[in-house]
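Right after this note come the structures.
Here come two complexes built around chain A, the first alongside chain B, the second alongside chain C.
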Partner chain A sequence: MNPYFIEYSIIGIAGLIFGVALERGRMCFVLATNNIFTAGDTKILEGILWAFGISVLAFGIVESLGIIPVHAAIQGVFPMGWYDLVGALLFGFGIGICGACMSGLIFRAASGFTQNWMQLFGILAGTIFFAFIIFPMTNFLYWILHTIPWLSIKPGISDYIPHEWFGDAAWGPFVVALIFGGFFLILGLYLTKRRFKKISNERGENYKEPIITWNMLKFKEPYSPRLGGLLFAVVAIIVLFASYYTVHKAAYLGVTTPYGSFDTYILAPFINLYNVVGPYKASFLPKISSNWFQIVPVAIPMTFLVICTFAGATITAILGGEFKWRVPRRKMMFVQNFAGGILTGVGARIALGCNIGTLWSGFLMFSWAGVLFLPTLVLGMYLALKFQELVW
Partner chain B sequence: MAKKKNHNWCGISFIAAYGLFTIYASSILSYLNNGKEIGKLSGTAISGIKQSFILFGFIFIGIAIVLFLREYIFKSGIKEAGDTESGVAPHYFKK
Partner chain C sequence: MAEDKNLGEVKPDEKLDVTGETCPIPETMAHKRLKKMSVGQVLEVYTDHAAAVENSFPSMLNKLNYPYCVTKIAPGEFIIKIKKTS
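Right after this comes the complex of A and B.
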């Protein structure tokens, strides 16, 4: 059987699970951050920390035991650089303006939130703007390789933290996973315990939330964010195994590059964006001219995952009785979300990914990309929150 | 019968649209892949990807049909749509 058919089919199933986890678990980085800044509520953040902690620990174990060899795992590693800081700031501001990160966008758009569809259209437009204007005119690939030496791409395994710290030691990935994943998981558990204690004191009774109940499985109530986080981790592991054991190349989760694919698919009847030659040339790649689409394949596993994620989220929104075509009261929200979407799309392209592809998968790849992406992402979201308070 | 206050017809249309989009995408992969220099996929890859796109396209359409039957034949989906705790609800009308 065709290995790519098997890979994409398994990843399609993973995408459906991912959609369920997003929609039922309300997994959104912006929602998590806004809840902390505005109400001191950590519920959603706990789920995200569970997702990060469990998946990073699992990847460390898998790589240390040699189940997925290091040479295969590093094939998909995103290199870190200054562009993570700059792109994450722009990206964070964009998603903050829209009120939804890449995961939040999917489950809200799939549940009928019209403003998030507008955000998606903004991202599609932003990706084209980056691809045909910023990418060639700034000679983008040259600058990510040749500026700020300590923040530039290091070839191959040099950007892999276990190798950087422990050389070729087999236990290296596990120790790094223990440090990063352990931190996320312990922080998540601590925040959960603290929240339960706070609610218990307010109510005068011992308060606890089950991770899973029958009503959750029957879609009668939302998932606890911790169950959503657990499913997140499961999806990341399925994608890694499916890709390695079929086409022998490790794949990591990502969302924004697939939006570039959607651009090309939608416009295919009119123009083939992969072959368009613009007026500007990227000197780093003399053989091809001028647009970002030319350096990405026509389909990557994550393209398919994102389509299936939308489907999974819509299916559970219907089964959970929560699908509704929701139109914002203020029509200006459409403009705001479209503009925010453009910033989101451009920021994600500058950072070589989003809060899924560069932040989460950055940690899963044991690259510094995730570490660099995080602080300016939070700063961008915070600035967007303050900006909206000023404007509205 | 209680007045229908959800928009499941729209969600079901979405799922069918995802299926149609996936099938459509499968039909243009070879065309888009032609002429690529960087990231060009092999014939085997394009063939396998197309097969899975088509398979899932039909699965989504099948799911949309099942949900349509649930909604309009068995009438089990007819109820008020709940809020999603999405954090953006204040921006929206509540009918």
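Right after this comes the complex of A and C.
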């Protein structure tokens, strides 16, 4: 059987599970940070920390045991650079004013929130703006390759932290996973314990939330974010194994590049994206691509994953009785979400990914990309929250 | 402050409709409206964003120490009554 067919089939199933986890677990990075900033509530963050902690530990074990060889694991490693800081700030502000990160957008759009569809259209428009204007006009590839030596793309394995710290030692990935993944998981467990204790004191009873119940499985109530986080980790592991054992390449989860693929499908009947030479083609760099679409493949398994994620989230929204087309009373929200979507799309392209592809997968790849993406992402979301408190 | 089911029957002094809007707008607008209201008054918020009802509103209202009552009026549609107590 064609290995690509098997890969896409398994990744499609992973996408469905991802959609279920998103919609039922309310897994949204903006929701998590807003709840912390406004009320010090960590419930959603705990789920995200579970997702990061469990998956990073699993990836470290898999790579240290040689189940996925390091040479295969590093094929998909995202390099880190200054563009992570800049892109994450724009991206964070964009998702902040839309109230939904790249994963939160999927579950809200799939539940019928029309303002999040507007955010999606904004992302598509922002990606086109980046591809045809920012990318060629700024010679983007040149700048990410040749500027700020300590914050620019290094070749191959150099961006792989286990190699950077421990050379070729087989236990390197496990130790790095223990440091990063262990930190996430312990922090998640601590925050859960602290939250339960606080609620117990307020109510005068021993408060606990189950991770899973029959009502959750029957879609009668939402999942605990920790169950959502666990499913997130399972999806990342399925994607890694499915791609390695079918087409012998390690694949990491990503959401924004697939949106670029959607743009390609929309534009392809009108423009030959791969032959057209943009008006801003840099003459002193003859080999540079003239638009962003020329540096990314169209048919990637993650595009299918995103489509199936939408499907999974829609199915559970319907089964949970929560699907409904929702139109905001204030039509200004369409404008706000479209503008936020443009910032989201441009920011994600500058940072080479989003809160899934660069942040989470950055940690899974053991690249510094995730670490660099995080602080300005949080800053961007915080500024967006303050902006909205001021405006609305 | 935990949920207070008795608030469900109380006639609201002010109403806020945030239909179709997602976090952080519903809780931000509710908070701003509550600031303008007098102590003892009740605000009724209509929202169809389940994630806000499950997470953002309870967190914010627990922090403010305001009693509240959530009523599911239809699948995915909620009314939250909040009493300003301080």
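Worth pointing out:
Just so we're on the same page, the second predicted complex is superposed on the first by the 382 of 392 C-alpha atoms of A that agree within 3 Å, B and C clash if a C-alpha of one lies under 4 Å from a C-alpha of the other, contacts with A are read in each partner's own complex, and residues count from 1 in each chain.
By our rule, a residue touches a chain if its C-beta (ideal position, glycine included) is under 8 Å from a C-beta of that chain, and two chains touch if they have at least 3 such contacts.
Quick caveat, the model's predicted, so the values are computed rather than measured.
Comparing chain C and chain B on the residues of chain A they touch gives the larger count to B. Of the two partner chains, both chain B and chain C are touched by A:R26. In the superposed model, A:A268 makes contact with chain B only, not with chain C. By the touch criterion stated above, A:D159 is placed in contact with neither chain B nor chain C. By the touch criterion stated above, A:Q388 is placed in contact with chain C alone, chain B being left untouched.
By the touch criterion defined above, A:F310 lies against chain B but remains apart from chain C after alignment on the C-alpha atoms of chain A. Once the two complexes are overlaid on the shared chain, A:E7 sits against chain B while remaining clear of chain C. By the touch criterion stated above, A:I318 is placed in contact with chain B alone, chain C being left untouched. Within the superposed three-chain model, A:D41 lies in touch with chain C and out of touch with chain B [touch as defined at top].
With both structures placed on the common chain, the touch criterion links A:V298 to chain B but leaves chain C unconnected. Residues 26, 28, 30-31, 34-35, 99-100, 108, 111, 113, 115, 222, 321-324, 326-330, 333 of chain A touch chain B in one complex and chain C in the other.
Every residue of chain B that touches chain A in the complex is listed here, in rising order: 6-8, 10-12, 14-15, 18-19, 21-22, 24-25, 28-29, 31-33, 35-41, 44-49, 51-53, 55-56, 60, 63, 67, 77, 79-88, 91-93. Partner chain B is touched in their complex by these residues of chain A: 2-9, 12, 26, 28, 30-31, 34-35, 99-100, 104, 108, 110-113, 115, 222, 247, 264-265, 268, 272, 274-275, 285, 287-288, 294-299, 304, 307-308, 310-311, 314-315, 317-318, 320-330, 333. Per the touch definition, chain C reaches chain A in the complex via residues 2, 17-25, 27-29, 31-32, 48-51, 54-56, 58-60, 62-63, 75-77. Residues of chain A that touch chain C in their complex: 26, 28, 30-31, 34-35, 38-41, 43-44, 99-100, 108, 111, 113-116, 202-203, 222, 321-324, 326-330, 333, 385, 388-389, 392.
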